[in-house]
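Below are structures written as structure tokens.
Next come two complexes built around chain A: one with chain B, the other with chain C.
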Partner chain A sequence: MEFSRSISLKRLTMTPIEQLTFLLRAVPITLSISLLSFLLGLTLGIIFSFIRIYGIAPLRYIADGYEKVFRSVPVLSIMFLLYFGLGGYIPIFKDSYLTSVIALGLVSGANQSQIFRSSIGSIGRSQMLAATSLGLSSFKALRHVILPQALFLAVPGLGSEIALLIKDSSYSFIIGVLELMKHTDILRAATRSLVFPYIASALIYVALTFPLATYLDKWGSKKKRELGL
Partner chain B sequence: MNVLECKNLVKVYGKVVAVKNVSLGIGRGETKVIFGPSGSGKSTLLRCLGLLEKPTSGNIYFNNVDVYATKQDLNKLRAKIGFVFQEPSLFRHLTALRNVMLGLKHVLGYSEEESRSKAMEALRLVKMEDWANYYPAQLSGGQQQRVGIARAIAMDPEIILFDEPTAALDVELKWEVISVMKDLADRGITMLIATHELRFAKEVADEMIFMDQGEIIEIGDAEQFFTSPTTERARRFMAKLLG
Partner chain C sequence: MLFLLDFSDFLLNGFLTTLQVTLVGVGLGIILGILAALGDIYGGKIVKIIVNVYVEFFRGSPLIAQLFLIYFTLPVLTGLKLDVITVGYLTLALNSGAYQKGYLKGAMEAVFKDQFLAALSLGLPLRKILMYVVVPQSLRIVIPAWSNELASMAKSTTALIVIGVREFLNTGVSITAQTFKPLETYLFITIVYFIWIYSMLKILDIIYNRVKIPGLEPVI
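Let's turn to the complex of A and B:
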């Protein structure tokens, strides 16, 4: 990259606004990694939590194993395994951006599966029974009665999960994704400033995570109260 | 002809025999009332008849077809057997109207508009049409039960099973639910009702069934239970209920 090659030669002088602008340019990447991995995690979380609660025995053990493994292994181990380990064999893992999304999504899926399990657990059994009594198939009962309520109940937990993903997306800097942490590092190297870039990017992370997580927490609690869930 | 019938029905949970060898039939247009102490197996019997629990042994017949022996599609039959629960069981994320529409749309396959108009009709029947767009949490217990009844009746079932629909309600809310059930009885809807509201039972029941410890102890008309129950157990229970 043109810019990063020039920095090894001489120290750049940039105004704080220029530095901040440079950091903010990485926000779309950070957010898109977080959002995509969240959606992947949401899909996996819903599927695995429903399998663990309503599934048949062998599938239930698989879901249980998935949850246990991906909740115990650091994101970075998974990212490295996929990128360095499988990258040589599977083309998709040659791409550091996609690898990050998948690694974060797999870990988030395990977290979200647990969030959904506890949400489903707090939906009274009478809801499923009432759905069954109308003649809804198990699938339709899950789809129209259990899932929507589980989603409402999961919102505060999902808010924290998004915040966690926004922060954890910074790991992908290590395999070379040009997201916020990578830009911070570039800025540090270019300006030889060890303070401003880190504080500025920390504040950006706070701005990305805190309001969203707080809002979702409030909204979820309000909905829960209103619907008497 | 019986709409719903069971023969020698037994339901065992672990070591507990909840229903012992019960045989019972409800004919078209009939209203029957089951009563008895709590834990007497009324709920379990109703859930078995509603095809919500599989009996341990015995047979259940719907329109004279043995449900389990002939491997019927249970969901299809459940749609024809209405069920009203004791505990609040409205879908909490849906408005009253949407609660009633759900089965119409996703079980019977009516369009959005048809479901809506049928659901409104059912809500009118239980005098809840003004509350169509309210969520369950915004309704009183009695109103919720009425919507629950509308949800069952909207499916146009051949029979409705009521599992102590007023037991969880305050005294002043009971009557609005009871008056709806009376109305249904007057319309000739086939019903099997578990209830302790004996005055109501006396008015609507073609037959009353006294259960204790999982067994049917005595069957008779309301008059008989009020004046001279034949069994000692029924006599004692009636004395307790009537204070």
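Let's turn to the complex of A and C:
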């Protein structure tokens, strides 16, 4: 294999526990990339879904275009475009960590905009009309009537979105962020073992994403029943 | 962006590789997905466990990790040596099959409840019920989910860069290394990805509207 690329010339012997600790040390980085890009996507998703449903015509086209473009483009090609293409001009894209957060966040914003649109859609326009006829301003109706319900309905979708981001954060390994996949690569080079690092890191990813997908899905449908939606 | 004309053959080859890997991955994934869904609905206890472990593993871990596992770890464990493009096909098929199992199972259960019993009472054997009643209808119901899957597979093929497949984004890496013009190169590649994936989604939408079954709306 590619021994010339390994970081040390001498082969390290590590116990499985030591190797596992080394991999687990990268988990906070992976989680922080996913969480920050999720929050960026959440902000963008709420804003753009509201614009698409309640906004005026020119803004609506912009929101529509944003959603279409970022749902149809690979996140890695956006990362390359920002990091290699714009890194020379815009200082923030010189940092591979921030670049991955922004690229993942932009893509996630488009996904989350769609999640919110469908959950707001299933609450329906009738509640908005009812709220405004009671004398609430349309902003207050959104804030107190539509959004609290839409957030509950969106929970299962948002859960799988976080899981998707945890998995997609592995793309940032390619532009050199020291996250779980990069630690796996370093461990592979140091121990020259092709078996343990890869199996262990794949299982760590499964352990991180599995509870999100199953638990939030159950919680979401329970809440939905309680609210009578 | 005119300098990219010098690389038109190179870019076209890369794009065709990406197209090929996407279609083979989703195509084999459909077969795996149908088998896994049938196994999960009609199979015995052990079959169900195997199907669910396969699905949870391939849905829960990133594609890059799966590529490394099949490219590096599998040969060590089994002695089976595969070239990069085969690893690409195999991994994408396994990954896509795990996702498609979910969509297909939902669609099959939508058909399953009443029509399965109706077909059974007409005296059709299980094999024929699956072949003529359950599978054909669920394939039509599942189209919207599939168009999502096709788009996400097309986007995932960029991960093949880590094992060195010459796909579309990887040609951009080589062009950048020669021309030192990353902005134009990656902008062009991103635009091509957008046009391709967006038009694919539109076409499948048109097909779905033509063949959809009234009353049996999408399962996503």
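As a convention for this text, the second predicted complex is superposed on the first by the 221 of 229 C-alpha atoms of A that agree within 3 Å, B and C clash if a C-alpha of one lies under 4 Å from a C-alpha of the other, contacts with A are read in each partner's own complex, and residues count from 1 in each chain.
Note that a contact is a pair of C-beta atoms (placed from the backbone, for glycine too) under 8 Å apart; a residue touches a chain by one contact, two chains touch by 3 or more.
Just so it is clear, the model here is predicted, and its values are computed rather than measured.
Q: So in the superposed three-chain picture, is A:I78 touching just chain B, just chain C, both, or none of them (first/second/both/neither)?
A: Only chain C; A:I78 stays clear of chain B.
Q: With both complexes superposed on chain A, which partner does A:F152 reach: first (chain B), second (chain C), both or neither?
A: first
Q: After superposition on the shared chain, which partner residues are touched by A:I53: those of chain B (first), chain C (second), both, or neither?
A: neither
Q: So, A:L134: does it touch chain B (first), chain C (second), both, or neither?
A: first
Q: Check the residue A:I174 against both partner chains and state whether it touches chain B (first), chain C (second), both, or neither.
A: second
Q: Which chain, chain B or chain C, is in touch with more residues of chain A?
A: On the superposition, C touches more of the residues of chain A.
Q: With both complexes superposed on chain A, which partner does A:M14 reach: first (chain B), second (chain C), both or neither?
A: Neither chain B nor chain C is touched by A:M14.
Q: Of the partners chain B and chain C, which touch A:Y205 in the superposed model: first, second, both, neither?
A: Only chain C; A:Y205 stays clear of chain B.
Q: Just which bits of chain A does chain B share with chain C as contact spots?
A: None.
Q: Which part of chain A faces chain B closely enough to touch in the complex?
A: Result: residues 124, 126-127, 129-137, 140, 144-145, 148-149, 152, 226-229 of chain A touch chain B.
Q: Inside the complex, what are the residues of chain C that reach chain A?
A: 56-57, 59-66, 68-69, 72-73, 75-77, 151, 154-159, 161-162, 169, 172-173, 176, 182-187, 189-190, 193-194, 197-198, 201
Q: Please give the residue numbers of chain B that touch chain A in the complex, ascending.
A: 50, 52, 75-83, 85, 87-93, 102-103, 106-107, 135-137, 151-152, 155
Q: Can you tell me which positions in chain A touch chain C when the two form their complex?
A: Listed in rising order, the residues of chain A that touch chain C are 1, 68-69, 71-78, 80-81, 84-86, 88-89, 163, 167-171, 173-174, 181, 184, 188, 194-195, 198-199, 201-203, 205-206, 209-210, 213.
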